[in-house]
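Consider the two complexes below, in which subunit A is the common component and subunit B and subunit C are the respective partners.
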Partner chain A sequence: MRYTKIFSLYFQSVFAHRGRPLVFVLMYVINALIYLTFIRGVFQQTHTIQTWTLSSVTSYYFLLIVAGGTLMMHPEVPIFRDDFEKGELAGRLLKPFSYYWQRFNIELPVRVFQGISGAIIAYILAIIFHADFQFHLSLATVCLALIIIFLAYFICFTFKMILALTALWTTEIHGAQELTDILVTIFAGYIVPVNLLPGVLEKLANILPFSYIIYYPIIAIEGKLAVPSLFSVITIQVMWLVVLGVLFRFLWKKGLMQYADFGH
Partner chain B sequence: MVIQVKNLTKYYQVHQKEPGFSGSLKSLFRRKYYDAKAVDDISFEIEEGELIGFIGPNGAGKTTTLKCLTGLLYPTSGKVSVLGYTPFERKHAYLKQISLVMGQKNQLWWDLPAIDSFLLNKEIYEIPDEHYNKTIAELSSLLEVEDILQVQVRKLSLGQRMKCELIAALIHNPRILFLDEPTIGLDVMMQQNLREFVKNYNKQYNATIILTSHYMKDVEELCKRIIIIDHGKILYDGKLESIVKKYAKTKTITAIFEKPVLLEKVKQLGELVSFDPKKAVFSVTRDQSNRVASKLLEHFPVEDINIEEPNIEEIIREVFSNKASSV
Partner chain C sequence: MKRYLRIYRCLLQLNYHRMFIHKTDTLSGVFGSILWGFFSIIAMYILTARSSSVFGWSRTDLFVLVGVFNILIGGIYRMFTSTNFDRFVYIIQRGELDGLLLKPLNLQFALSCWYISYHYILRVILAVMYTVFVLGLSHVPITFFSVLSFLFLGVFGLITLYSFWFLIMTSLIWFPDLYNLTELLYTTDNFSRYPPQILWAIRLSVFIIFFPVTLTVSIPAKALLHTATTTDAVMLVAFGVGLLYCSGKFWQFALRYYTSANS
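Take a look at the complex of A and B:
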């Protein structure tokens, strides 16, 4: 009940700033359309590439809009700007509510808002482009796919929180942030689905956490993974979440011991 | 004792870069750091219900001390105990009993009415509905902000915003309130309103209040006890009136006469600061003030007489100029 109330209060804040998240969704739309245009060109030469047809790949890119809006978050940007540069961290640290969950509650309404907006836009685009969303799902695969989406959210959030914490040691985090964005673009499945990446890159994508945030949740919800594969994805996600969770706690503890809050 | 500080020291590691491009290049490979002593081995104790003023120039260590007491900063060494808790552990039970208000910081949602920030704090501090409604009604009436609670924070004046900040900080009825420059940037009237409020809050709830301020008026009106800090060291810890007695060597006597008097006669009484035939201002030593006043009343047609302690700012300046050697 308490968390629901906090969520609804933060949701009001998102409504007050609705322009920005909407623009972010439009950016996902534009990216998806650019990649789609490129891959549609490839499909003029062939009907299938590995397991992908033109219809399924079109659906993939539209689902990417929803997944990008919901699962690929950027809490590190407001954390660095507001909490570190403007010094708002002090106020948050003195609340009897963990910093991780405060930020989680701030981020979640934005994701829900972007996810819903993204889904509406994706649906309209699907009608325009005659994309045929095909979800081959059973009750078991739906449940497992939802677990994958849930874990993907936490992996991304914890990873970005770690990225934000680097501000406790460095003057600014934009370099690390840009690098992460490049890695995400390549390995999360933004440019092409991960199994279409060249050999080494595909292997790397399956090791790094990024594909477990975007690519696998999409193909899981489309029903493209069999139950054993879904379990494999969940296992790797849990491993990543544990690693990131431990790393976050370690860095948070270390970082706060040297936190200075200079000039605020 | 609600606050016990023993040998608290806080050093910051500060990066020092040589000027120019070569300095930037060098710092890429070898960084020089030095320890800036923000707080240097200070000890003090505070009892429940006290209202204490922390005084010192910029960079003296006031805010750093406050941040160590609230748990924002990890002390380099020494022991800090607040309400029996170690602040830096930031246990939720501890955080629910304290509050920090920083005059230069906004903790309210900018684009939403203040009431929404209060509701968020209600949930975060797990305040029951009844208690919340009572506190909001009380505080908003005391601060006279009932009409603006539903107005977007960005549309409020600085004074109105500061009042709402105070309400947000007091919703959970903290036992200890840390106020860091609460009147900064406010106009004289608003400063006075806030002082009145702080005074009443301290009395009504027996809350312990630790205040830092550049405005001596804040300290003078609110605090019986002051701690003067400079370069991280405590120069004085005691009653405000004691420091006045100790450092105010002179008093100012202003006499207004019914009819003009002669300068030659008046200047025999003590050092004249200013004179016109119907008004004389003297600076006299504390032990001479009563004698001079009675002589004035006895030998001159005095219409009005006023004996004043020196300005508290002058006294503090005196403390700083005599630091280390005399305190």
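Take a look at the complex of A and C:
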């Protein structure tokens, strides 16, 4: 019950300042439309690129808006600004929740709001573009796809928490944040679906965790993956989550020794 | 005018010293700006990996477009203007505009020209080298006239983009809570990295407002590729002058609604 209360309180706050998350969703919309339109230009010369048709690639980019809004979070920004720079971490350490779950509670309502807004916008765009969302799903694939989405959320959140923690040593995460944003944009499937990446970039994308945050959840929910493939994606996601979880715990313990209230 | 030039010279010096005070920030800025420069090239490489031409632009033309984007917007525009718009948000949100209103300075100047981020110089240099290299690869001659028209159109491209940003940012007077509006504008800059035809292909009439943004890089790039027409040049100059005038007028209008701190 108290978790529901916490969620609803944060959600109220998000809804009160709804302009901000909507601006972020608009950013996903603009980027998705730019890349989609460019790819549509490529499709003027061919009917299919690998397994993708114009229709399937269009629905991919619209689902990307929803996935971006829901799964791609940025907790590192307020953590760095408020908790580390302004020294609000001390207050958070006294609360009867672990820091990880406190930040999780703050982030979740934003994601829910952005996800809903993204879904509405994607639906409207699908009508305008005559996009045909095709979900080839069975009960088993739906369940597995939902597990993939759930794991993707935690991978992204834990990864961004680790990124934020590095500020305890470096006192500046601007460079690391920019690098991460670039890697995410290339390897998560924002520019083109991962299997359309040229050569070595596709192989790298399948090794790095970013495609398991955006690309695989999208094609899983579209029903483009068979059950064995879904299981192998889940296995890799669990591996990444374990690695990131262990790393987070290690950095958190070491980082707290570095931290000195007030600020750095 | 002379007075403003003197003030700007002073600002140039102050910002030069600021760069050395915040060394980590400067280094991380250099790192970030170069990374984004490389990203724009990689993104174009990925998008054109399976096609030799898109919307009538050949692959090499598109790589020249990316180079010009990195010179004009990723380099010069970010160096002289973008940081000031980040400051713009804080000034309005925290009600600091009152202080600026009392200064004997043109408010638009005080808001737009205060900070200069010198660390973008490296990106400009690298982008110039890259563009010359790509033009050489595609056997496009670099003539005195093409460089001169590129510079002339580039200036108007920058004025157009600045005015567009200023027009949008002025809405903060009514919506001071939208601190992430600059992030949206950084995203809309992406329109200029691709052929302008993209905008028409999107088929959403609301996106027409981004039309001037698509011209800011494409027309100077066309000048380098020797494909710019007089109509292109006139259109860009008209947009530059027109939007600059409109942004000033809209700002004056918006100021009537500014209700001081915590508006």
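The rule is simple: the second predicted complex is superposed on the first by the 261 of 264 C-alpha atoms of A that agree within 3 Å, B and C clash if a C-alpha of one lies under 4 Å from a C-alpha of the other, contacts with A are read in each partner's own complex, and residues count from 1 in each chain.
Please note the rule applied: a contact is a pair of C-beta atoms (placed from the backbone, for glycine too) under 8 Å apart; a residue touches a chain by one contact, two chains touch by 3 or more.
This one's a predicted model, so the numbers in the text were calculated from it and none came from an experiment.
Of the two partner chains, subunit B is the only one that A:Lys5 touches; subunit C does not reach it.
Once the two complexes are laid over each other on the shared chain, residue contacts for A:Phe250 go to neither subunit B nor subunit C.
When the shared chain is aligned, subunit C comes close enough to touch A:Leu201, but subunit B does not.
Contacts of A:Ile49 after superposition on the shared chain: subunit C is touched, whereas subunit B is not.
One of subunit B and subunit C touches more residues of subunit A, and that partner is C. Contacts of A:His17 after superposition on the shared chain: both subunit B and subunit C are touched. In the superposed model, A:Phe38 lies in contact with subunit C only, and not with subunit B.
In the superposed pair of complexes, A:Phe150 makes contact with neither subunit B nor subunit C. On subunit A, the surface patch touched by subunit B in one complex and by subunit C in the other comprises residues 17. For subunit A in complex with subunit B, the touching residues are 2, 5-6, 9-10, 12-13, 16-17, 87-88, 90-91, 93-97, 256-262, 264.
Residue ranges of subunit B in contact with subunit A, taken from their complex: 12-13, 67, 70-74, 90, 92-93, 95-96, 98-100, 102, 104-105, 107, 109, 111-112, 116, 119-120, 123-126. On subunit C, the positions that touch subunit A within their shared complex are 24-25, 27-29, 31-32, 35-36, 38-39, 42-43, 45-51, 54-55, 175, 177-181, 183-184, 187-188, 190-191, 194, 197-198, 201-204, 207. Residues 17, 19-20, 23-24, 26-27, 30-31, 33-35, 37-42, 45-46, 49, 128-129, 171-172, 174-175, 178-179, 182, 185-186, 191-192, 196-198, 201 of subunit A are the ones touching subunit C in the complex.
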